[in-house]
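Below are two complexes that have chain A in common, paired first with chain B and then with chain C.
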Partner chain A sequence: MEIDDFITAIEEEFDDLNPGDVSPNSVFRDMEGWSSMHALIFVALIDSKYDVLLTGDELKSCVTINDLFDITLLKINGGGANT
Partner chain B sequence: MAELILKHTAIKAIYSVVPKTVYKTHDYPYFSEDEAKMFAKTTGIIERRVAATNVTASDMCFKAAQTLLEDLNCHHEIDLLVFVTQSPDYFLPASAAILQDKLGLPKTCMAFDVNLGCSGYVHGLLLANRYLQQGGLRKVLLLAGDKSTISTHEQDKTAFPLFGDAGSATLLEYDAKGEDWFFDAGTDGSGADAIIIEAGHSRMPYQSFDDQDIEVAPGVVRSKKHLAIDGMAVFNFALKNVPKSINNALDLAKLSADQLDYLVLHQANQLITDSIRKKMNLPKEKCPSSIGNFGNTSSASIPLTLCSELSEALKNERLCLLLCGFGVGFSWASLLLSTHNVATKLLEYD
Partner chain C sequence: MDNYLLAEQFVGKKAKELFDISGVKTRHVSAKGVLGSDLAISALELLQKEYPKFSLSEIDFLIVSTLVLDYNSPTTASVLHHKLGLSSACGTIDLPQGCSGFLYSLSVAEAMISAGNARNVLILLGEVPTKAIHSDDMVLRSIFGDAGAAIVVSENNTKSIGKFTFATFGDGFDFLKVERGGGRNPIDEAWIKKYSDQENQLSFGRIEMNGLEVLRFALKEIPGFLEQTLVKNGLTISDIDFFIFHQASAMILKSLQRKCNIPEHKFISNFEEVGNTVSCSIPIALKKASALGNFKKGDKIVLLGFGIGFSCIGTVIEW
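Take a look at the complex of A and B:
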């Protein structure tokens, strides 16, 4: 699992994102019009692509795309409270 | 583990009723244009039906049941009426008792309410089977409906545009030659707070709480007497439990998901139903959706989807269906069943 694939999947999921718009240091809550709907789409995307279900608390603990990637990777490898 | 094999029950008819009034997502005044687009994309809801102030869930179910009983001419054979709802007419008596009288059912007919939401229709089918399969009762009328819009605050962007109103009536009868049904269910009450109306009943009676509106998050205004929903918690609950429950019912039947004609899920929102469908490796065509036209209609969403999306197939084909309801409680139930020659109707309430 590479962060580039992770970022590409995110850019493909949102209509208003273009390739190159997202970097590991992007703060995902700074996306234009961020709402609880965006949060659900992130969690659904990660579940669908990586079979990892992030809880609301886990999402809250993340700030950047890299944080999301790290917690997803941790759960793929058997860490976290809710794999 | 609540896994059961059910015998000797057939569904004869399913009628659903929705109010005439249409609310469109794009007309919701508290959404910006972008928010409306994002909401429609995520939930799948383009429009939904909303009942008038003086119309209750029992009124919509009454219309469905009255039409069904007239069409099939079987008032006198109903031995049990079950009304699944979380929006009854009164704290007491049970709305089922009022419906027994209004529908002109015999006084020998048992009638009771079941306080379940999104999982309630499937639990109701199990209850009907439990009473029918011994052969003592002739027919059961299962009503499932909710007026969820009475509980949501107009300025709560997370709840108000999500729910629609609907009622349904399903007629079941004893069938000595009926094929087996396969049932799985569960409960996780640790999720009680994820979908809740806190105030207005015994735990927090009226006049004992502050019913002022509060902005609990940007664009989310409600008081304790309104329905509150935690979408992320519901998503997590559903994805953790629903595929397992569906697989348990399939295992019990010794079938695989691709042998189903249709998987009919509670219409929670499109993101949840699509995620479950993908986990089951099923194509979109096998997982009918009605949420675009009706929103989340709680206990009525499965019968409404059957009436709106599978009417012809239910009438003309022998189907292997898996119905799965899940939500408030948390509670869930899956039922694998066969149907043949089921009459359906989708009606509007004026």
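Take a look at the complex of A and C:
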């Protein structure tokens, strides 16, 4: 699992994003038009692509795209809450 | 109400933004004073027009599912029994199971008939979620719509209804609920004062949803529950011609379709047109797909309801 693939998946998921719009350091809550629904789209995307279901607390702890990637990777490798 | 009309009520919002967050283009909002039971009766009138030979005198059991009851007691089914002039030999029951309400009602109807306790069961569904949403709640106002549905289950069509699977995850009861109005959370003076600016003072209570937990429940439990439903009916996913899930939200439907590996042409959704209509969503999707000529005799259709509770119920019907 590479962060480039992770970012590509995110850019494909959101209609308003173009390739290159997102970087590892992007603060996802600063995305244009950000709402709580966007957070749910992240959770659903990560679940469908990586079979990892993030909790509300895990999501709250993330600030950047890299944070989301790291926590997803951690859970794939058996770390974090298994829920 | 379309997104253009709804967007006018939120400063700075555009119709496209409402579609982006909800996946709904239009939803119905019932007039002041209209309750779920009124919409159920309207649906019954349409059914009677479509099937003129159908007579209410043949109904010997009535099941009603609505989240906004006419009265706390007696049952809304009793009230509708009177309004419709049903036989005194007709049994009545309310099954206010929210988004699982239709399939719960269908399972009881099928069981009543199979056990020889009824011959013709009328299921009436009516939902007015828009009356229990705060006017500032843009997400819920975008997603939910009001609706009614009427279904008759008779001896001659129970054989086309498969076995049911049930599941309840009661630990999620607090994540999707109607706040206030119950014995444990009665509406008090402070509530009335707080919501005095709302059209109906939220006197039916207020729908509160933890969207993340609802999504997590659906993603975690529904794929396995679908598999259980198929196994119980001796089928595999490739045996199924169509899938109709409760029309919860565009995102939940899309995510479940992906996760369950259901081909798009087999996955029926009319969420864009009516939004989440609670117990009415599956029968409306079924009726619309049928009207479009999507089904042929013998098609196997998975029906899967899930929602408030959290509850799940599934079955397979043969068209």
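Quick notes on this structure:
The definition used in the following text is that the second predicted complex is superposed on the first by the 82 of 83 C-alpha atoms of A that agree within 3 Å, B and C clash if a C-alpha of one lies under 4 Å from a C-alpha of the other, contacts with A are read in each partner's own complex, and residues count from 1 in each chain.
Note that in this section a residue touches a chain if its C-beta (ideal position, glycine included) is under 8 Å from a C-beta of that chain, and two chains touch if they have at least 3 such contacts.
All figures in this text were calculated on a predicted structure; none of them were measured in a lab.
In the superposition on chain A, no contact is made by A:76 with either chain B or chain C.
Look at A:9: by the touch rule set out above, it reaches neither chain B nor chain C.
In the superposition on chain A, contact is made by A:37 with both chain B and chain C. Looking at the shared chain after the overlay, A:63 reaches neither chain B nor chain C. In the superposition on chain A, contact of A:48 is made with both chain B and chain C.
Residues common to the contacts of chain A with chain B and with chain C across the two structures: 33, 35-37, 39-41, 43-44, 47-48, 53, 55-56, 59. Interface of chain B with chain A (complex): residues 32, 34-35, 38-39, 42-43, 158, 217, 219, 230-233, 235-236, 239-240, 271, 274-275, 278.
Chain A contributes residues 15, 33, 35-37, 39-41, 43-44, 47-48, 53, 55-56, 59, 83 to its touches with chain C in the complex. By the touch criterion stated above, chain A contacts chain B in their complex at residues 32-33, 35-41, 43-44, 47-48, 53, 55-56, 59, 82. Put simply, chain C touches chain A in their complex at residues 17, 20-22, 139, 211-213, 215-216, 219-220, 251-252, 254-255, 258-259.
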